[in-house]
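Heads up, the next two complexes both have chain A, just with different partners, chain B and then chain C.
Here is the complex of A and B:
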């Protein structure tokens, strides 16, 4: 039977045609924007990405690692926030990493990752990232993709203008978004005494060129303002650091109005080579402070936290030629230096233009003393004297600028939700593309270094709205990948991110992948409770502390039967993963433990503290599907009441002893039968 | 019949038996295993006196099917193979220095027998390793054994196993072949002379 008669078919065609016609009449939606170019973001299954992309997790406190151009999430590195999945901040070994002068702080707000550089080029060794809330800087080791060091910053609040590095990673900087009374002063003062009691600080943290270890070399004491972002000089301007600041009004309330009054705020230019001279000449003042310095060792597989007690202050008011202020329109946010180091781009987020300053002109202005008075003792350079030019009508709400290798700049426009490409020298606008929606930071691989890889650009957006399937009131954050290899920018991929992405970094994969650690050599472990082989597994009692040196190898624990532990004991499971092969972690979880699992890499030892509160039988098992017999990888720990006389014993693979030499048949096992 | 080898032949024989020294510095045999989980492969190298490569990882995997833990002390061969090689080198050198065809012939016969013994030894070790399984093994497939191939490829559960001579092994084979060729050439030339 025919379904349609020829005539009916004709009507159907007409109807279909009308439908398509109607479709094409609709305004061009964002959904068509990536047509044809999506293939550029396609990385076939089993193929590696071209770049590693390190993206801040914002209020998640972590850092995510994506592959570009695919946008595939490769790893979330726990930094400032606890992560029960990896036992970060839950295992005894990692708890000290989150120690501060305020005690254990299990969360922070991580904004700006910055890769280490050598001669102004990303070198793939470390990523630094700031903790905003309880001011800290973390260093992530790119051989293990783990946080290796966290340093607290004294005299600070809101470490936002961080963690940017100088061109050979001599320093990583920190700053104060909130000015506050210094740590050694009485902070119990009226809030409206801001102008009198509140001070700003920027910190220069020395980075050891071999180990990467951080130490605060000096802090520059500044007037009480809000430091927002920063970037180091490079090339000719190496030796200088530039910080954007707002609230030069020094308001202490309703900043959205009160800090937006002045026509211009500042970009603070710091001659850190001069600061080093002052430091050497003993012009610094020692200040008693308290801040935590936490380091993780891959030898002991443990972190140590040390409270440091002293810092050196260099006062911007007293020490001449060290700090200058460049007026910058309307509450500048981004402060970005082009690859040559000559041009400094300030982005006044409320301004209708983007000013570009020239380092050469700045030097001339300083030499000529082309000043416009001072701000609390710091010379203010005449705006025009340092200005290279202004990008006119760039868009609304300019925030951040990154650069390619062809002399172009890319500025994010938060309010008009777009990215604007312009020529750094001529200041002419070349292209603009929409973002979805309200772009904050943007990133070109190497885009804030001397050697950008101008192939891709990623926009990190603040509003997602209709980009992905709705997930209730809270939506995924969005990132957009653009191909910038040609004259015109082209959207090629849209991908969600964790937390809220702020700044990001990216580097060619080859710089990092080759150095990736596959496992830790067990013979090199210096962990105090390591078991280098099953023969070293043991259970020992020390008062009410029970130390269980337990091993894991596919697919059993040793010991897996433990008795003689009592209520009131503090139990420490020191789990050593005996595997010496890539990608064979073992997990460990015990019923009722009120912390997290352990996730232990091959050759590593991690410790779970457990205080059983009730007598009974507690199973434990491997949580990482390690092998075909993963479900068999389990054990029991028997908890007896306090004061019980059950002797401490432990074993693995021990079968029940048959009664009086008889074979253990079910009948023989009955009590009383002989 | 001329019982003396020509000078070029003697030099070649000396070279061939001298080349055997390679077995002290290079692995003689290799077994490579590939599985979906091991795309990069696992390799075990067999030397004349030791094992190297991913032996521990292979042991870790093989315990599931009840295979014995591979270790150097399960090979008594490792204790005397060094002397066997020294004997062969000495015999070859003796043939080269004296130039006696009979010694060379003995050397060739010994090499062939030695080679066959090595293959038999590999086979019997593989047979024992693949069949003599722990009765308490976690994975037991009735009727299936895991005997690795003596030479070539074999599929063992999720693994593709490849067994081939490694660099020193090839040098030994090359040296043995060279000596045989020398002997054949000598024999051929002699036969011609005798005909005349």
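Here is the complex of A and C:
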């Protein structure tokens, strides 16, 4: 838009010339090398990143969104933990999102985001993520970048092997890291009765293909092992799901030692198409349970929480051909399926090799009944019968594997702090590169789908130590970005993350950016307390409840003078942001409120509940700098004692006319000033 | 058209513009259709960023009001209705 004057053009020309000159004789040595690699992660000011990167916030309970390759933090989406900055879990509208069968839970531990897929490719519609501690699955809507739904998982504890999807998002799965007595059984039993009373469960949650709404279709009851991670089959193996499990010893104490006794644990292969048949044939058993199902509506701008009371169980012991166990060395962690769907990689944390199983061989082994007995009624496949081969001496502590689009796999090595690149078919190691330090998960954009974008890889590390300037005993966790477009992996960027990053996902920016909502159309709001225009702003009393329908637009509130509210009242500020333009939120805070602020997007209404405890004068103001007159965006609410007869009144812009006569100016009142 | 325009006014404009001459956040609307051309008003409603960038009259108003008029995402058809409502407000039949 800017018009260049002739003089400026001249300077520009000189600058361009200088740039060319420098390019043509760039210095050799370390400086140029650093410049070269850094340039790959450089996104010029005002330019966009190539990928959105959705990273679990771990014990922050949230999900972070970064741009790749720049590593810019674009947004932190509150999911399972309250966020006073955004009013998440504080506003009346969002509180129901954190409701559970245990009541309001303000925190969780979010581990594995998984993007929705269509035909095995990331489609940019939703991200699912698990709450580990109080088992839940959340669905984040990528048009608003907000949590749209949270579903609690019954019969479950330590919801770890979640939230992975089937190739067209028919299902998102959840699993139990802790086996426990089922919810309808008496849990008040001796802990050492584990083998009799404790059960595992994996849940298949149906996802509505249009709305994305989740409902638990069925749970598969399993022996009391610990499920760790999972991934869906795809292509030929579509219809199957693979879960890694450890503690096949069924130890209930000192698992560090006792769950590492057996030489092999299992990858559990679930034929979910078969499970669907059993469900249809009525082979499931109904179980009475209680779990919360919370949904957020962009029409009412409010969440509702419903307690569901029933679930269908399919028992792995009773129903044949539905579940098989593949032996997998030494407490497998990652369970990853290559883009073709043929190869299933199990990563034994304590193993000195990485076994790769073949889906074709697995099918043959099942047909030939190449079994090694059973484990609590589930056939155990002969290890060699399903094995494609082993990656020998990959490194120490293999955890997770992602894939590129050229037939290569990348496995994270926790103990030896490195990423190892190997060929899926030949199992030969191609390259290895250090991480800083102790890498956990790793991620290639689309790297667990049928269509990986093999340009970048990000390592999400567990230990930071000396990577950044020290910040006391607690450090941000580090992530490292590698260029994997060539044969050799190249470290190009190091950036800090929020909470603890576990798994992550990424998708080309164009899949998501175009659909991003800029504001909510106020005409379409169905919020019960919306003010569609300042004419609808009002204050009403209903017993001891005072509802204040208040509007915000640059830069005033309506009303901004409120009187007649008393101690003992419950005050509800229903703030409607009347703006209809992108990036003009208004905030709202009132002095002394035992609550957070509100941060209200254009066209949205959000409610702050406040129970004033003392009579007096309480200012409120806009917390989000909105215009040159933002500092003027303020108001007062007068709180009178209980039983006061001050009438309820409200106004904006009705300043009393100044009394006639001269008003002394401050300078006149002060002797000694000029 | 006038009643449609009135509805849009109450939802999206009233917070800053009075129907009298009094300036609130923005100028009052009384006689706006007599001092400004309809095209200018339409541009201010539907394309305020461009107007504040290029139109001297719009820039003068910004200096006076010190708040950038927000884009309230009003369609061209709706802006027409708003102009009709302004005309009605200015006493035109």
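Heads up, the rule we're going with is that the second predicted complex is superposed on the first by the 620 of 674 C-alpha atoms of A that agree within 3 Å, B and C clash if a C-alpha of one lies under 4 Å from a C-alpha of the other, contacts with A are read in each partner's own complex, and residues count from 1 in each chain.
Just so it is clear, a contact is a pair of C-beta atoms (placed from the backbone, for glycine too) under 8 Å apart; a residue touches a chain by one contact, two chains touch by 3 or more.
Computed from a predicted structure; not experimentally measured.
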| item | value |
| --- | --- |
| Joint occupancy of chain A by chain B and chain C, clash or fit | clash |
| Of chain C and chain B, partner touching more chain A residues | C |
| First (chain B), second (chain C), both or neither touched by A:581 | both |
| Partner chain in contact with A:480 - chain B first, chain C second, else both or neither | neither |
| Chain B versus chain C as contact partner of A:523, first or second or both or neither | second |
| First, second, both or neither for A:551, with chain B first and chain C second | second |
| Which superposed partner A:534 touches (first chain B, second chain C, both, neither) | second |
| Contacts of A:316 with chain B and chain C, given as first, second, both or neither | neither |
| Footprint overlap on chain A, where chain B in one structure and chain C in the other make contact | 553-555, 579-581, 627-629 |
| Residues of chain C touching chain A in the complex | 10-12, 14-16, 24-25, 53, 66-68, 70-74 |
| List of chain B residues in touch with chain A within their complex | 54, 56-57, 60-61, 64, 138-139 |
| Residues of chain A touching chain B in the complex | 553-555, 579-581, 627-629, 632 |
| Interfacial residue positions of chain A with respect to chain C in the complex | 1, 519, 521-523, 532-535, 551, 553-556, 558, 578-581, 584, 627-629, 653 |
